[in-house]
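As written, the chain order gives the labels A, B, C and D, with residue 1 at the start of each chain.
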Amino acid sequence: MNDNEIKNPDLSETPEVETKPQTPAYTEWRKDAKTLYNNGLPEEEKDWFCDARPQKARKSVQVIEDFLNWARSQSLWILAFGTGCGAIELRPLVTSRYDISRLGMQPRPTPRQANLIMIGGYVSIKTLKRIVRSYEQMQGPKFVVAVCSCAINGGMYWDSYNTVKRIDEYIPVDVYVTGCMPRPEAVLAGFNKLKELIRAGKAEGQNLYAEKFDWYKENQKQVIKDWNMPDYNW
Amino acid sequence: MESLYPPIVNGKAVYDLNSQKYLRVWQGPQHPGVTGNMSLELDICGDQVIKCNTHVGYLHRGFEKLMERRRYINCFPIVCRICVPEPDTNEYLFAAAMEDLMGLEIPEKALWLRTLDLELSRLASFLMHLGGQSGAFGMGTVAQWTIAYRDYVLDLFEELSGARIYHMYMTPGGVRGDLPDGWIAHARKVLDGAAKLLDEIRHVMLNNVLFKQRAVGLGVITLDMVDRYGIVGPNARCTGLKRDVRKDQPYLVYDQLNFDVETETAGDAYSRTLIRWRETHQSISLCHQILDKMPKTGAVHVTLPNVLHLKVPAGQTYVRAESTRGEYGYFMVSDGSEYPRKLTVRGPSYTHAMALLEDLLVGVNIADVAGLMVSLHTYPPEIER
Amino acid sequence: MTLALKIIWAFISLGVVTVWGLTLNGIVHKIFARVQGRLGPPVWQPFLDIAKNNSIRTAITHGIMFYLGPVFRIAGGIGTYMFIPVLFGSAHFANFSMSGDVLLVMYFIFFGQLGMALGAGEGGHPYSAIAVSRGLSQMTAFEVPFALSVISLALQYHTLSITEIVAAQQGSFLNWTLFTNPLAVIAAMIAMLGMNMYNPFSLVIAPQEIPIGPPTEYQASFLGLLATNRGIFNGAKLVLFMNLYFGGATNLVELIIKTFWIYMFSVFIGAAYPRFRTENSIRFFLKYPTALGIIAVLLFSL
Amino acid sequence: MEQLFKELKHHFAVMELTIKHPDLAFLQVPREQLVSLLTHLRDIKGYTHLVMVTCIDYLEENTFLLTYLLHNYAAKTDLGVQVPLNRAEPVMESIHHLWEQGRVYQRELYEMFGIDFPGSPDVHEPMILEGWQGPPPMRRDFDTKAFSEATYSHRPRDHKEPEEYMKQQLYPED
């Protein structure tokens, strides 16, 4: 039995041709971009992700919106993602000396529940990919505070081959905090500034991202060479 | 009935992820249980890890490339960025490597000040680690205490060098400045407070039943693993080996200070924590000794020629120092020009977090992954530089 | 009193206990912060968090069960509360205690967590799945001593109706179950540690191990609903324990004082201990508290 | 050190020995004999601790100088064993069977210098760089400044070269 099977190979099956998903340049498929073309994904994974583009959020009545903005500014939840050197100052920030829980802020371990992502310092390409994913998974009005000068203009890694030089080309940034390292007081001042912006209704990075989505994607794909994730992973 | 766990064929677990029995979870880079910005790719069966891949490189900045195109004195500000929680070791080693190549003799007082700076940074890093160790087992209180107290040590650095985290204090040829007025009294106060805090930690954390229950017998490092994996520092000392660069090859003034190498024999996470707790006391006592024996007056640095055009004679050297994680080394090659030819950093976390962790994590309950990883005391920035 | 009035008063007392439970959460955060040497968030922070969570613009769902999870949870919380008499002797704050007894309440305590487990399972996050298995196993573990102590109470007072149990404890504080049946009280209080999910029994939302458990995928108004339920459920549990073991309350001030101290019992322990492993936690619950419960049952069955 | 060097000369074709310190020396060895020499040093001479593996790129001499630094805990001496490799086809024998962390160093060397180590476990897996296209970045002929300026968009600034400016401020004479 066995050697028979071994002898004659079953000719019924045609050898499978591996079809790797071709990834066209962004501008090619971008013109008819009603829905996203999740290129770079394996075929069986494509239906795991929705193809909806991010939409501009509707605002309600001004009075209600003001109250909601106040509530948002009163309880900011930080995504506990130490992207660089700046993460070393996130720990003193939650301890007794500079206690951000006074301001109603607390670190959350999951991007679903976080409103604020703190870019701590330089961002390497590998980290940028994760930052984009985390940022897109965050819900609602979401805010970005970029700490350290490396996130602003590359800092002292201005000629490094692996760090992006300005983070605001890849995700919208609300508040910058300069310095290397910035003192925790400076970070606290940045958070307070962000609160003022939120109360004034000026921190609309989510809508900006939805508006200039194509531009952001183009910038991200210029630096992230192996794009093996969906284009918008809500 | 066949066992739930996959069969082990010559050291590797053979299993199929698509059979619905095994789960692949990623811990990190965005995970509060993972120290710093690195990630573990865990294949778990039930709640037991059967395979682990460590992924680093989220913090890669290409230091060694950047230093090749910077002058020596321009390299100096960026070396301390290699290890964020304990930058002074990098500063000292870079300066020491330069002085070794140039044959510089730095004044007596600078040696003492450098030792003081190193010990203070060891103290700060140890405090941070003890907090992380307790936090990894869910005791956030001790983490809050220690990390909050670390700020007072950082205040000392700030008075000394003007910076909290990155204090470029140990320049090539000495240190930047002498101790400010009233610094010694302030330092002694902070050190005494740290000693008090450590006693509280012993009561709350080290003598805690649940902490022992979780840490004892977790991630045992055996004696034969030490050389095979290149384990250094407390991770090697927890197996009973007396290996401490400060004793073996005394640098600076460590031969004039009296301390002994702390060792344990169990080799598990609890003994590592004990060793680090004792070494924190040791750092405090060393700081006191330095403040006692230090020469009160004297020059603190030699004046170099125009540092922008500083030429270092050709040659290659390797200098090492004992950081909180163990042996930290700089390998510097100069070709006689204004730019370093090659500068390689040997971070102790390199082998601990890559080769060792991947093998220690196999068979560990997923609840203990964070505790085991923290107990190895790894800092990702010095892995990928 | 007509049924309509009863319903109205039941919802009034529900509002009262929700506010009190959320305030308790704020106080707990404050206490943890003080133990850690911090100033801590303001006491009304839970309310702000709920307002913020309901103000999130976008929300992601993973299916029907994902929707229904928080609904089941809050249904369990409200159901637990609805069948407990809040104030002894008050016709207004009696809820529907005449139609339900301890067994129904215990069923509701299970119910919410099971619904949450289903919802979290559909969330699809591996950490949620691990946390659900942890939580359910731990819940089955701590339900054993709790059930034993309740059985012991039933044998002691020859009834299962909470109102009658409270009535039997009136008079002097020496009539409390705390003094008449201490073993059952100890077993039940240890079970409550597991119910409140503070350290060392915070296996389910262990941030360093499986961040952060079942609600990993829950955001926006789902999370707001869960936070609201945390207030209701805590309040209901505390009122239940106060009624069963600490002689109930005759006015709101007594209720607030007693529930506060019952809650602090688990909080003070949680502030100073690391976290159990799952198997150790189960072993712990099945060892001493179960033994105490069995002894308590035997004492009153003889 | 000299004693050790004399003993080694009997068995291996070790090239010149440069003694930097009494406890730090470097010697060169042809690439065929490296693994046997390392095994000899580890098992017999007591150099049990592989401190690090690194590579020096001599572009003008068209060689990689692969450096294995060993440490002897008993004698407290360091020995750097250096192997010149041809820059054209950099291939080296793997030492992952001698030291476990060798494979990690070899992964990094393959990624950063393009030196291949046949037989080393998952040496071709990307370790630090992700989706890296282009030459191995640590080679001398890779210009990181040009690469970063071509790849990333820099934030514009006022065109005052800091180096020139500081030079005029600090050392106006030269």
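We adopt the following convention: a contact is a pair of C-beta atoms (placed from the backbone, for glycine too) under 8 Å apart; a residue touches a chain by one contact, two chains touch by 3 or more.
Because the structure is predicted, anything quoted here is derived from the model rather than measured.
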Most widely separated chain from subunit D, with each centre as the mean of CA atoms: C
Between the pairs B-D and A-D, the one where more C-beta pairs touch: B-D
CA centroid of subunit B to CA centroid of subunit D, Å: 23
Interchain centroid distance [CA atoms averaged], subunit A/subunit C, Å: 37
Separation of subunit A from subunit B, taking each centre as the mean of its C-alpha atoms, in whole Å: 30
For subunit B, residues contacting two or more additional chains: 31-32, 57, 60, 62, 65-66, 69, 144, 148
Touching two or more other chains - residues of subunit A: 95-96, 109, 126, 159-162
Contacts with two or more other chains, residues of subunit C listed in rising order: 36-38, 207, 211
Chain-to-chain touches, reported pairwise for every pair that qualifies: A-B, A-C, A-D, B-C, B-D
Subunit A residues within the subunit D interface of the complex: 125-126, 129, 152-154, 158-162, 164-166, 169, 219, 222-226
Contacting residues of subunit B [partner subunit D, same complex]: 56-57, 60, 62, 64-66, 68-69, 227-230, 232, 243, 248-249, 306, 308-309, 315-318, 320, 327, 329, 331, 333, 341-342, 344, 346, 350-351, 354-356, 359, 384
Complex contacts: residues of subunit B adjacent to subunit A: 29-32, 36-37, 57-62, 65-66, 69, 77-78, 81, 84-85, 128, 144, 147-148, 150-151, 163-166, 381
Subunit A - residues contacting subunit B, complex: 79-85, 87-89, 91-92, 94-97, 107, 109, 111, 122, 124, 126-127, 130, 134, 156-157, 159-163, 180-181, 183
List of subunit D residues in touch with subunit A within their complex: 129-133, 137, 142, 144-145, 147-149, 151-155, 157
